[in-house]
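Both complexes shown next keep chain A, but they swap its partner, so chain B is in the first and chain C is in the second.
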Partner chain A sequence: MQMLPYNVQCVRNGSEEYYPETSGKKSIQKKRYGRIRGDMARFPKKLSSAWDGVKNFSRFVLSIVRSFRSIKYLRFRSLYSIVVNQTRFTGVDALPIIVSIALLLGATVIIQATKNFPKFGIEGFIGNLLVIIIARELGPLATAMIVVSRSGSAIAAEIATQQQNREILSLELMGVDTKLYIVFPRIIASIIAIFSLIIIFDIIAFFGGYLISLTTVFIPAKSFVQTLLDAFSFSDLAITILKSVIYGILIPLICCYYGFMPRSNFQIPIFVSRAVVRTLVILFVINAFISALFYF
Partner chain B sequence: MSDSNDILRFEHILYYREERTSLNDVTFTLGRGENLIIFGPEDSGAEIVCPLIAGVTDQFGGEVIFNGRSIKTFNYVEMHNYRKELGYLQRDYGLINNMSVVENISLPLKYHTQLTTGQIGDVVNRLVEDLHLGYCRNMRPVSLSGAAILKTAYARAIALDPELLLVEHALEGQCLLNSQTYMRHLRTWASQPEKSVIIVTYEPERFIDFSDRFIMLYEGEIVFAGSREDFVSQNNDYLRQYCASSVEGPMKVL
Partner chain C sequence: MKFEKNELRVAVFILIPLVILLMFVTLKLGYSLASSTIDVYLKIDSLTSIKEGTQVKVKGYTIGRVIDIKPVYKPALHFLAVMRIKKDIEIYEDCSAIIQNQNIIGDPVIEIRNTEKKGELLADHSVVEGIEYVNLEAILQDVHALLTTLTSTVNVIRDISIESKGNLRTLVANLSNSVATINGILSSSQKDILAILASFRETAKTMNEISEELKKHPVKFLFKK
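Right after this comes the complex of A and B.
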């Protein structure tokens, strides 16, 4: 085997080419060219693996839909404790962090609005701004992000560990429909928890934020509440419900999907991290899509 | 040979795993009320018998027939209902780690039956008492001893009072003394005329007092099949080598 000299840097692409590092512009250009060519060569592969991922996820969703065939044999009392525990973990246990973030975010928005709106002569629109920023966008999105990072990661890690401990196999061997038993109650719990958390987030952000902002600016409470009520519409509530249902379905679904993926203990952190990152990306896309659909 | 009294027929099973033959044309039957011990060295194919009976995969040749019907013909719902009829004690027990002993045992009852909470409690309490699990009834698997894990998994496997119990290498690595409660209960359970048991093990001699038939597998094929008397008399080179754990004989030692 021919040894490469000490200062040789290897740029590996699909065709295993090596460019020895020598001084001069040409070699740098060659290196860059090699990297770009390597990235381009990998692009179709990445695209195809992303497409495979979408197909696998669709198959997973389909398998859950198909598992509803056995729902008539399901005794809901066996799911009750899972729903309660998951709702408590996703909803109740997340309250301190939801309250803190809502307070800080609400205060920031209100302080910025009350300080800057008078400059443009639009101080009468503070309520509208709060509804647009907090109720429509930040509330659901921040809540979903907190739920993904707390509960989504926990769901993926729990299922992956159960899979590696062969607990899921033992459920299957007992005749338990694991798709229905594991995924379905988590979806129900997430919908309940996310909807409640969004409402709590919005209320805390509005009123807690208002109280904090009183330290820097004064707005009469009556006019603050009135502007909020004037700005709120039925569609805002409907879209909040829609978002909580969509997030409540997607978060456990994607995290369960990645929870079922690891084939060894070593892969568990990889798939947990993948579950969190990809769920977040998908949430942002869905949020933008819903906003475009209903408000554009 | 088969007759209508057979609860299970394992017919000409061919199973390949990772391009190796795990089972090669293996055929046996299990009569109602019969207790069968399947044993053999590692990689003999014995370890795949219980998963195939439980329908973990349908990628095999031949037929597994349970109560006269091939399990390959079961649809999604029928497969779940079929598994309800089996008790399966896995090699690694598969207890749910975030559930206590009592919750683990009551899980199949809550999921599959229409018993009231009180009736489920009665069944669970009886099993807990019979298997001496009272001291750890509210403990989770992580705090349990090996014998308590074995007994909890066994109690869960028989909670639905299945017709056929599959026991897969459950006794290996267990304390001989502490597993006696389990052995005693299994012996009583298996002696019921309508209950059948298949035990896959490396230590067939431990089940000799309540087993009706023995099958030994080697390299995916049956190399010995016989009654308890045949097993004791050891008129078979494979059986003799296995029981003596000898390197001399027809089997290659890995």
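Right after this comes the complex of A and C.
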């Protein structure tokens, strides 16, 4: 290895960092100092690369918006079949996992509530708690997380593989607007699937919660439903729809963006992982933002 | 038009949540597929008065009756009386249900009382807390118990007064003795008091004489040897 000034000697190779061999306590201190200096030196670079990423993503979104001009050249049937297949994969195939997670989550919330609510004499507010925790927050978030981990990763991997196999190139050679053909149906399918999944998730979670609540407090089913109806307002419904639309747009958009990024087969897993992690982070940020905007 | 299996599955997947959503909106807007009555649960602790058929009234006007009573075991034993009441009467969520007698020995009736402040209308399958009616028999029993206690208290006071009668007599005798002693002291000291008073008069006369002498010959009085 060529000897460079110490702060430049930190050479990044994948995820590992290598330092030139030195000996003694002084060298360890030097290493630490060098690492800190290296991190500090890299910070502006990271910031600028993040800014570049935002700019690239904006260009990607803009290119999709612009590609709507060529929608008249696409056959409805071809888009329709993609939407149906994607909805089936994102929504229908995710039902078993959504149902099981919703049941468990609803039950968990109610177990905690039935254990602690009687201490405060508010055991009659179980329905309200379900609406506040599950319908407003956990339902949309858990559904989006499941969709990202199942379908988001699949979308990124599928597009990356198609690109490496030059299938996307061949589509472009045939004159098909690939951005529109690939991204747009996935957004539509994702919105439909997430919206339906959120509602199913909420209903199943309420049901699970109700079943668990029966073990400690008897609430007539009709009365429970009435409490839920009272607690769930139209604004809650509007926010749920808004969340499903925002998640439905963002998840395929970010995953498609990272799907188009790999330049070799080796980069596919890296970008798939990046797509999932970054989509999740953005979802949490947006969820917090929406909650703060409407409920704070 | 023939649908593929995928299309049917997706259609069902989309339609079920939409139907649920539509039902929610319909119910939330206050529409109902039910008849002109609504069923409201009345939560009560004991079944001393209410039975199936008990009338539900608002300001004396019958608006429905109890159609069923269900025991509830959790968290503690209580009962839910299902009241089927007319929907066209405006009853609000914050109303109170008082279980009372129609007259002194009449049948119990559930009197619904609206609050002065108008709120949300009482919805189907809502739960209203029942306020137990005033049980006449229980009141009579309580009054009887109270009278018994009062009688025993009066008896105790009477016993105490009889026991203390002797003590009171002794006290009065002692008091009369004390008065007699004081009288004796006063009568024995009467002569001495007269003598003291006469002495005071004599002293007063002497003091007058001195003062007159002092007025007439003040210098002589001073240098008199």
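Here, the second predicted complex is superposed on the first by the 253 of 296 C-alpha atoms of A that agree within 3 Å, B and C clash if a C-alpha of one lies under 4 Å from a C-alpha of the other, contacts with A are read in each partner's own complex, and residues count from 1 in each chain.
The definition used in the following text is that a contact is a pair of C-beta atoms (placed from the backbone, for glycine too) under 8 Å apart; a residue touches a chain by one contact, two chains touch by 3 or more.
Just so it is clear, the structure is predicted and the values come from calculations on it, not from any experiment.
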| item | value |
| --- | --- |
| Combined model on chain A where chain B meets chain C, clash or fit | fit |
| Partner chain(s) touched by A:R69 [first = chain B, second = chain C, both, neither] | first |
| First (chain B), second (chain C), both or neither touched by A:K46 | neither |
| Touched partner set for A:P118, first chain B, second chain C, both or neither | second |
| C-alpha centroid angle, chain C to chain B via chain A, nearest 10° | 160 |
| First (chain B), second (chain C), both or neither touched by A:R263 | neither |
| Partner chain in contact with A:K222 - chain B first, chain C second, else both or neither | second |
| Chain B versus chain C as contact partner of A:I192, first or second or both or neither | second |
| Superposition-derived minimum Cα distance between chain C and chain B (Å) | 13 |
| Interface residues of chain A shared between complexes with chain B and chain C | none |
| Complex interface listing, chain B residues touching chain A | 54, 56, 76-77, 80-84, 86, 88, 90, 92-98, 107-108, 110-114, 117, 156 |
| Chain A residues touching chain B - in the complex, by the definition given at the top | 66-67, 69-70, 73-75, 77-78, 158, 161-162, 165-167, 169-177, 181 |
| Parts of chain C lying in touch with chain A, wherever the complex brings them together | 6-7, 9-10, 13-14, 16-18, 20-21, 24-25, 27-28, 39, 41, 70, 72-75, 80, 120, 123-127 |
| Sites on chain A touched by chain C in the complex | 84-85, 87-88, 91-92, 95, 118, 123-124, 192-193, 195-196, 199-200, 203, 216-218, 220, 222-223, 225-226, 229-230, 232, 234, 237 |
